[in-house]
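Each structure below appears as structure tokens.
Here come two complexes built around chain A, the first alongside chain B, the second alongside chain C.
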Partner chain A sequence: MSPRFAATRLAMLVVTVLVSSLAIHGAMFLTPGDPATLLVGGSRNPDPAVLAQIHRAYHLDDPFLQGYWHWLGDCLRGDFGKSLVYRDSVADLIGDRAGTTLALVLYASVLVLAAGTVIGTVAALRGGRTETLATTVTAGAMAVPTFVMAVLLIWLFAVKLPWFPVYGSGEGFTGTLTHLTLPAAALAMTWIGYVAQVTRTAVRAEMRSEHVETARSRGVPERTVIRRHVLHNASGPVFAVSGVGIAGIIATAAVAEQAFGTGGLGALMIEAAAKQDMAVVQAVSLIFVVVFVLINTAVDLISTALDPRAAQKEAR
Partner chain B sequence: MTTAPLSGTTTGTGRTKAKRTRPRDRLTLGAGCVVGLFVLLAVLGPLLAPHDPNAVDPMNVYAGPSATHLLGTDDTGRDLLSRLIAGTRASLAAPAVVVAVSTVLGTLLALTAAWSGGWVDRLVSGALDIVFGFPGLILAVLVAAVFGAGLTAPIVALSIAYLPLITRVVRSAALRERNLPYVSALQLLGAPTARIWTRHLLPNLLPLVLVQATIGFGYALLDVAAISFLGLGSRPPDPEWGLMVSNGAPSILSGQPQQSLYAGLAILIVVVAFNLLGTGLSRRLLGDNA
Partner chain C sequence: MSTEPLLRIDALGIDLPLDGELRTVVHRVDLGIPEGAAVALVGESGSGKSLTARSVLGLLPPGARVHGEVLFAGESVPRMRPERLRAFRATDVAMVFQDPRAHINPARGIGDFLIEGLTTARGVPAAEASRKVTAILREVGIPDAERRMRQRPHELSGGLLQRVMIAAALAAEPRLLLADEPTTALDVTTQEEVMAIIGEARAARGLALLFITHDLELAAAVCDRVAVMYAGTTVEELPADRLRGRASHPYTRALLASRPSVSDIGAQLRSIPGRPLSGFEVPGGCAFGDRCPRARDLCRTDRPEPASVEDGTAACHFPHPLTLEETGRHA
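So, the complex of A and B:
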């Protein structure tokens, strides 16, 4: 990977985060009334003294960019302001819920990586009926939206077959695991489909490639050919699509959290948006966007480090 | 590249090819019929619904399928079939606006970028890369926090979020088209830019734009439904499908999954139909075998 590519990519990361945070902060000025009304927590006739206090705390009377700079600086120091709906500091609200979301995203990511690569590899190596079945099932999994998958899983595995609990995030390791299994599966399903299809195509392409033929004709045992020459070379595109999948899981975690009532950052953000509690929405959406962009950048950088040709493909 | 038009002109191979692709064409046609049916339902919806979609009947909750209620009733005794039919309009209208706005803006942006080149092109591409880094769902939640729940938030947010997708594809096609000799020839002949755009570039790009809009519609429907499911889109008692899935969710635990499953199935059918129609059109209009 050329240092130039890394530098461009990192510069893009910084610009994207800056512009996104500008949009997140600027959004509240789109409201037809006083932006401070979005920060008092939806009360229709707020106390003027409280409004004045909010104006001071959020620098709403300063020029826009100055106010933005104050807000961003506070966020970077971990001070996200106060929620008047929850009567708590936003940082505490986030701290209480971040663990659940992190566990959910990790769980779903593990499912995507494990199930996606295994299904794709087995389908490509076995071929025939196994491959047709895998392709059909994964195409079906990709077509079902996350929130529909969520209600389907609740009906099948919590009501028809009462195997899993559906509310809360559970206590202890096994409790968390059982509570988060269905939400993680609902989140992962689409991306298991994607990863499986990309894996299948990549493994197939490698199986037909010349270097694999050469290895076989040299008498290298089939097991070694598959492990060292097929799977190793197919890992590039699989890694790239998995990374995109994990970023996608973070972006849609809110849907699963809401559908299963597990609680978490996404559920907090949606609840706060419904109550027009802007301080919370801004803080949580900033966190989601930063993590989303960070992961996408990391995937790009690692993909190029693994396969420098990817950078050339991207350069237009 | 050069072999494609050659094999196309020899009518013999052309015909056998057409015969071989027939099952796929039938699939596209079927998908088109499904899409047409749902568009018809969206237009005529309330006229076709056998019952008032919002009429509650406390004596008749969770009724099973019967002659009067073909799909049964929900937790307040409302007729599910009528709600699904009446909800077609709300479920299809918002994505239609999203696709219309992002397609028109995206095509204009793509043409401007490809035509001007240089820093304009770089600026447009850079700005779109930034928008692309902002997940549509998060943007929708942010907009909903400002404007309150309602279809404004998903429409505004998704129109912005879909802009990079359509613009990227159209821009690279417009760039190829712009560099074809006939464009320079027209310019040398003194044809005004506006005329080259409306008479030549746009008509040539139209099939691609149509394909992108068709595929985009399926995704937009899914995203709007997801936002309504989260409680930030359509508002009760609207029979919008995403909202119906979430309305029915509490009943699932008491063994009544009908509302959520039927509405989810409706979403799934329409999304898959638009996707198949889009890929089919892409094969027919653009000739790629993807």
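So, the complex of A and C:
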């Protein structure tokens, strides 16, 4: 991988974050209603002097660009402002909940990578009925939205079979693990389907490829052919779609957090949006965007390291 | 032939599953390669020559059915158990494929590709395998072998990559080299170099060669004997020096007449009427019958068996008599 390619990718990352931060801030700027009225209790005739004071304290009257600049500068310093609703620093609010979301996303990602690649590989190598079954089931998994999957899982594994808790985020490692299993599964299901399908297609294509025929013609043992040529070469597209999947899981984490009441950044954002708590919504959105873009960039960089031809195509 | 040849293909037929049913794509191939000799298998695309070469390695697609016999040093390849087949591929026969860019794993290094056959199939230690393939790389005309070993396939030209493939084949120290149109994907000047490298390697090692090509001229120049395939059947087998002008089978003659000649510049090229058939399209009777200028009623009803004609064989009811003074142009 050339340093130039890495530099281009990093520059693109910065530009993407800047543009989306502008959009996030702009969306909040355009939101109707005055958050300050909410803060004074929503009374019908709030004192204009108090409103004005709140406006000054929270920079609500600044012109758009100035407000944006101010906000971005603070964010870069780790100061996400103060929540109007919780009367707490946004950074603290986020800090308290980030752990749960991180654990949930990691758990779901492990499920996606493990189940997706294993199902896809076994389907492609076995062929026949195994492949048909795997294709049908994973296509089904891809089609079910996360919130429906959440309800299904609660009904099956918490109500019918009391194996997992329905609500909360649990204490300690095993507590967290049991509490997060169903939400992680609900989040992962769609992407397990995607990754399994992509893995199956990629492994199939490599099995039929000419260079695999060469390896077989030289008497290389079949297991070695599968490992060194089929799986090694199929890992590129699988890795790429897994990266997109993990980014997608971050984006939909809010749904599972809400459905299973695990708490976390997504749940915080939904709550804050309902209460017009702009600072919190902005900060959480920005964090999601940054993490999303970081993951995508990492996937790109690692993909090109795995397959140098991708970088060449890019350079042309 | 008094002694048993190194490779003997006897009435080989291959059925492949196409659209859910088995279809015969190779009807009858007869071929012999003595130890150290070079035989060309010539035919149009789709005539079954690549499948024939793959059957020598037991490398047919899943679901393929093989009739007849492929004997290597007296041992039947189609009857080999998987473990024996693997050892056979690792030691006795090596194949050089047509398109090195597709047939060398693009995601692994050149060095890795070169030593793989030795390390994984034969258990040679990596350092020893590296030393060995570096020497072979120099022999096939790659002087900066150490640097090439560290490169990846996309950094090498097609000609260099084909040399790498030849070096990998030679590293296994086989007794028979299968070359499946090794120069078709390359440009003309590189083609000559690659053929010269194969020729030198053969001379140095006493290696037998099965050379698959559609180029009659090249086949005659490189090989001792030539077998001509049409629609899944070897229609003629003859010494290379008899190819020009004194071939017996009408198809061989038609093929020769349809290529440009250096000695007869300006003469109009003859095309063979009709279109080439794939093996599974062949009706009863002679496969070439519909396109043959010499065909009679018998040719449409009875499939001709290979029969010896002078020092070769031809599968034709009415082969060209060899006594007539003829040139290849006026068949």
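What we mean here is this: the second predicted complex is superposed on the first by the 277 of 316 C-alpha atoms of A that agree within 3 Å, B and C clash if a C-alpha of one lies under 4 Å from a C-alpha of the other, contacts with A are read in each partner's own complex, and residues count from 1 in each chain.
Rule of thumb we're sticking to: a residue touches a chain if its C-beta (ideal position, glycine included) is under 8 Å from a C-beta of that chain, and two chains touch if they have at least 3 such contacts.
These numbers were taken from a predicted model, which means no experiment stands behind them.
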Fit or clash - chain C, chain B, common chain A: fit
First, second, both or neither for A:Phe147, with chain B first and chain C second: first
Partner chain(s) touched by A:Ile249 [first = chain B, second = chain C, both, neither]: neither
First (chain B), second (chain C), both or neither touched by A:Ala188: neither
Which of chain B and chain C A:Arg228 touches, first, second, both or neither: second
Partner chain in contact with A:Thr214 - chain B first, chain C second, else both or neither: second
Most chain A residues touched (candidates chain B, chain C): B
Touching partner for A:Val241 - first (chain B), second (chain C), both, neither: neither
First, second, both or neither for A:Ile119, with chain B first and chain C second: neither
Contacts of A:Ala202 with chain B and chain C, given as first, second, both or neither: neither
Inter-chain angle, chain B to chain C through the CA centre of chain A, in degrees rounded to a multiple of 10: 80
Three-chain overlay, closest Cα atoms of chain B and chain C, distance in Å: 12
On chain A, the residue positions that both chain B and chain C contact, one per complex: none
In the complex, chain C residues that touch chain A: 57, 59, 85-91, 94-95, 97, 99, 102-108, 116-117, 120-122, 152, 154, 165, 168, 172
Chain B to chain A touching residues, read off their complex: 126, 129-130, 133-138, 141-149, 172, 222, 225-226, 229-232, 242, 245-246, 248-249, 252-253, 255, 257, 260-261, 264, 267-268, 271-272, 275
Chain B partner contacts - residues on chain A that touch it in the complex: 12, 15-16, 19-20, 23-24, 27-28, 30-31, 38, 143-148, 151-152, 154-155, 158-159, 166, 251-252, 254-255, 258-259, 269-270, 272-274, 276-278, 281-282, 285, 288-289, 292-293, 296, 316
Chain C-facing residues of chain A, complex: 209-211, 213-221, 224, 228-229, 232-233, 236, 306-309, 312
